[in-house]
Amino acid sequence: MATLELKGVRRNFGGVKAVDGVSLQVRSGTVTGLIGPNGSGKSTVVNLIAGVLKLTSGEISLDGSNISTEPADSVARRGVARTFQNIRLLPEASVLDNVVIGFYRLEKASLMASLLGLPSSRKESRELRERGRALLAQFDMSAYENVAAGGLAYGYQRRVEMMRAVASSPEILLLDEPVAGMNDVEARALGKIFARLAEQGMGVLVIEHNTRFVSELCQEVHVLDGGRLIAHGSAQEVMRDPAVIAAYLGN
Amino acid sequence: MIEIKQLKSGYRGIQALKGVDLTVREGEMVAIIGANGAGKSTLLNTLSGVVRAQSGSIVFDGTEVSRMPAHTISRLGLLHVPEGRQVLADMTIRENLMLGALARSRRAALYDIDKVVSMFPILGERMDQMAGTLSGGQQQMMVIGRALMGTPRVLLLDEPSLGLSPLITHQVFEALATLHQEGLTIVIVEQNANRALAATERAYVMERGLIAQHGNSSDLLNDPAIIEHYLGSAESAVID
Amino acid sequence: MFAQQVLNGLISGAVYALFALGFNLIFGVQKVLNLAHGAIFMTGAFVSYYAVVAGMPLWLALLLAMAVCALLSVLLDRFGFQLLRKYSAADAEFGALVISIGVGQVLTSIAQKVSETKVLSFPFGTFPVEFYRGLGLRISLLQVTVAVLVAVLVLCLAYFLQKTTFGRQVRAVAINPRASALLGINSRSVFMLTFGIAGALAAVAGVLIALSFNSIQFLMGEPYMLKAFVVVVLGGLGNLGGAVLASLLLGVAQAMAAAYLPPGLSDILVYATLFVVLIFKPNGLFGGAVAPAGVGRQ
Amino acid sequence: TEYSVVVLQSLTGGASFIGAPYRDGAQLAADEINRKQELGAGNTLKITVADDATDRNQSLSLLKRYAADPSVHLILGPTSGAVAVAAAAAANDLKMPIVTTSNSMDVLKAGPWSYILTQPGEITLPFIANYTVDKLKAKSCTVIGIMDVEIYVQMQKVFENTVKSRGTKINSVEAIKGTDSDFSALATKVAGGDQDCVFISATASQAANIIIQLRQAGLDPKTRIVGHNALSSPAFVERGGKAVEDVFFIGDWVPGGFDDNSRAFAGAYKAKYNTEADNWAAVGYSAVRVALQALKTAGHNPSRDAIRVALSKTKDVPVVVGQSKYSVNADRVPFSGMSVMVVKNGKFVLAP
Amino acid sequence: MMEFFSANQSVFDFFLLTLGFSYSQQVVLRSGVFSLASAAFAALGSYGCAYLVMRAGLPVLPGLLLGALIGAAAGYLTSIPLARLRGVYQAIATLALVEVTVAVALYAEPITGGAVGFNGIPKLVGTQELLLAIFVVGYVLYAMGHSRIGRGFDALRQDEFVAASLGVSSRRQHTLAFIASGLIGGLFGALQSMYSYSIEPHQFGFGFMVSTLAAIVLGGRRTLLGPVVGSAIVILLPEIARPLAEYRQIVVGAVLVIVVIYTPQGLADTFIAWLSHRKNDMKATTASADTTGGRHGNA
């Protein structure tokens, strides 16, 4: 049961207060939404959690231990996985290889075993490929196993990113606009997968501009504007909030 | 204005367009919709010369452009806002916009930086920020603005609402409507099908590298078969 | 004597600058270390030498050398680097490295064959030997010419890059060729122009060096290549002003090392400094357009 | 029978300025020998030319290859310093007689199968060092030398030690690199110093450049400039022009020749290649003459060992270098003498 | 056949040495580090081993192992400051390192012998030892390439940012790659000193860097076969072109250009990618993918 907690998190870029005192929680078993106008600081929040950006002030903790100053790779090894708003795949590698690398955190082979090619290391490598294929099947992507990820249509590239993030069985999953570029039906299918992952105990934080998707999926929604939280509650509550309508939804 | 006949195109080993016929008349606003991998982006890429046509013809305003390099096509005024926000990351917003004006060639300038800024005010506040550090939506606004700087005669938009908040999406479509009223010809590829169909007069539905259907947008919008069949199913890509 | 050494260093540095500018320009657009640049520089010296020997006046020989090297450089791009552009960035980058090695080798081997491995030099009297004195300094007409020529060329280049859209186009193509094409930038002509300029600058550097130090030899490019690395990094990759400053600095530092340090230490010093600078200022002394340290944007 | 000699030289790369003319000289000698049937009727001398590109690895590969070919009797080469030393060790392992062009004693130390054709610095440099002290009356010298090519370093050291032992002061030692061409700082420094002689250990064209730049930097015209046998090349006056007037150096080869034999060589060389013979052409020519004597001494159908032994007995071979006769001593160190020369009116003449 | 081999044995030996150096170069490239420091590692291993054997009287085997360790230590030390640099900056910093190494070797005459280097080194290494070293190194690289380390390298090389998001530590992996590169470079440097009778500074300079880099690019940067093919080209081509005499360097240069233009991933990598495509095509039910990039960890 993992809890990710942000307390008074700030981040400035020069004069721009991209994130300005944000406190929120992502609890395992739930899907939390983070919405807000463009440039309101949502991706910055993800990058702060993931350790890509340093905090200006505030604290981020995972199950009570402070991870604010840890570099990206060690945050990832603690079980925080993420996707990128501007898709980042290993474009030369096949879809399967892109997914298999997602298991990296779980691999156990020791340095010696790896260097000497001991059976333990070899067996692990084989198993991971099998698990990768299973994941492809789950996301309905088996047909693309050997295609170079860079040659996929946009929507499929998004799926590869998600599989890669999910592969590491993270405690916390951060999704930055996972269904951008997909139609509602495609989005709904993916939403089901995320809901199931949450049921199995993952804590999911979703950033999306697709409000229907957010409403259907998230138990709890936070709204950012200009780096500050301006609303918080269930999707229905939040979407009715006049401040949110003015800043974000329009009409 | 644009007359596409039996257009075939694709990538090594993949035929993504298998003979597309499509017409866009001057001053029209046309939508192209279809599932992931249907070939929409490839169609726009081939139109703008980023991807080479294998066969077929594309006539733009009386000129055959299917064999022309991308920069020549863009100087003719066929401007493409590509998928995936091709920003010049290590240049400022201002520089990006100024380069946009290059495509204008000898055409009269309809847009300048001020006009773009009045459309997307946030860009004005960040004129000297590196484009690569903008938020996703800000980048999207910038690339649309950048294309307008080139005084397009036809604007090809690949998923312009991608990553934009509902409010900004709304504003973008309003702006497009205005441009359209001013006489600009617009082709728009969208996953947000409702929105795209609502905003356009005519639409094409792509499936597996072919035009599966076309007609008046309002008709398509209300055609349950279309919704269920084409927009609803996550068809897999077309691979030979 | 100190002042004289500074002057010596500045003049040598000025010529490094010409060499390094072309090299840096190519790096700027192509993101490739053009290892053939030294050979093109050498070719410039050779062409002008044979032209002068055949009876051409020096200024014409210089123009001819510039034209030949510009052409060579453009051909290297057109039939070398351009053909790699369709492959992935990493493949193209490494491929270009080897192509430039290969082309460099071809040019050097031809020069070696043509010169029968001899060290050549312009006939005496190709350039008048005249000295001016003042403030306790000696400066030759040639040194004055070098300084003026380099300054003029650098200023022209700076004007061209800053005051026309060309500079912006060059950077755009470097950052994202596809987006540039969509903006109406003809990347091919941008490449051609940059490579042409780089080649012509290398030719001028070659001729000036050949004149100044009285020697033209098929291997003359290599030491200048190494210096260009130093200059370009200290000045910041892609930063032209920085490259000029760094060249002058390097010239002076070397003169100082030769004058005041125990022999043989100069190289250790130069390269160790380069290493240290890189560690503490990964962008070079004067910063560069390229962000080196890893993890960048979202 | 056919005597097979491989000319393994640096025809390309850094030492090609030696290897290429060497090959031409050697070829000329071989042609003459065959024409005059100097090996006796029915016997011919076959020259095979191979290029090591001044690269140790290629040199070793070629050496192995020719050593594995039983028809090869002798290898003339490799050309220079480090390459020759590495090859010498291999030649002794393979029991293949080689006569390198190098003058490094390390080649001899490698074992009995490896020879040096040119006299070591220990022999040649005292000619010019003593001349500097005795005739030029130098009291203090500045030394400028290539620091990254061993042969130049060695020769420079012999010079330093000899003049020092004779009571002449070494002012300072300046190091340059084999690829340098910008000597402006160095020249300014030396010209501002106080010495009555400058010794230069560098290639002919580099030395010429250094001298030009020294003079332009205002070197006291009374300062004597001396060098070693590397300067004995037409390139020196071609590059140096008026600046190298009155520069003293030692040479194996006096351009145009110094006796009938060498003048004949000079004429034949010019006739064949339409260019003047230089030092290294003369050395190549002489090398084949030395080989000829060894082959003849070794007798009919000689073994490699016989050739090796014959080489150690080389005596009074008429050559076109040094002082016209070439011998090796009990330690296999060659001696052919040296002449001190000076540039006068753009020509090399024997120094007074 | 035997005769042919013995005549060309040293060509083969040099091929093996070059191959070793190429692996040292390849392993860092594979992890996404554009280091050219292999030349420096080789120089250190070479001089270290020669010094230990010639001056300190150590037997060969410990000499070789210590040479390799010196290389590894140098690799480790290099990795610390280099962690801050990327791409061409790494290339140039390591190039500076190589130049400093060569300059020090020239300057520190009492220890290194200056321009003369070490001469008269006994030949204690032959084809068998070289082959053994190649097999050991090859096996370890193979195992490594197919383990989590190899996957980490592949991810880092292609996108460091993504790699970090998956828990791959660039610092740790790069250190590992540098140590491996130093170890292999040092080992083969040491072998070279015990093979080729003498060593001197220039053999580890610019030319060394250029030829190992060329070998990797020509053969392939990702597969183990790549350096084999590349080293073979770099070593054999000048031999094959020998009859062309003075024109041979021209031809060699031109061939490099042509090979790279047609197979910028390297001959071996391109071939392997083609093979695995064919395999996929045959078993493929759906995708006959266009893969511009090659597979990873093949060979």
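List of remarks:
Going in written order, the chains are labelled A, B, C, D and E, and every chain counts its residues from 1.
The rule is simple: contacts are C-beta pairs under 8 Å (C-beta built on N, C-alpha and C of every residue); 3 or more make two chains touch, one makes a residue touch a chain.
Because the structure is predicted, anything quoted here is derived from the model rather than measured.
Two chain pairs are in question, D-E and A-E; the one with more C-beta pairs in contact is A-E. Using CA-based centroids throughout, the chain positioned farthest away from chain C is A.
Chain centre most remote from that of chain E: B (centre = mean of CA atoms).
Chain A and chain D have CA centres that are 73 Å apart. For the pair chain C and chain D, the distance between C-alpha centroids works out to 36 Å. Look at where the CA atoms of chain C average out and do the same for chain E: the two points lie 29 Å apart. Distance between chain B and chain C, defined via averaged C-alpha coordinates, is recorded as 43 Å. Counting partners per residue, chain E has 106, 161, 164, 170, 246, 249, 286-287, 289-290, 292-293 as the residues that reach two or more other chains.
Residue positions of chain C touching 2 or more other chains, listed in rising order: 88, 90, 109, 112, 222, 264, 267, 290, 295-296, 298.
The set of chain A residues touching two or more other chains comprises 43, 52, 72, 84-86, 91-92, 143-144, 151.
The touching residues of chain B, when paired with chain C in their complex, are 48-50, 69-72, 74-75, 79-80, 82, 86-91, 95, 98-100, 102-105, 132-133, 136, 146, 150.
Residues 13, 36-40, 42-43, 85-87, 140, 143-144, 151-156, 177, 180-183, 185-186, 189, 209, 211, 247-251 of chain A touch chain B in their complex.
Those residues of chain D that touch chain E in the complex are listed here as 11-12, 50-51, 53, 56-58, 60-61, 63-65, 68-69, 82, 85-86, 88-90, 93, 106, 109-110, 147-150, 152-154.
Residues 165, 168-169, 171-172, 175-176, 178-188, 289-291, 296-298 of chain C touch chain B in their complex. Residues of chain E that touch chain D in their complex: 3, 6-11, 14, 106, 114-117, 119-121, 123, 196-198, 200-203, 238-239, 242, 245-246, 248-249.
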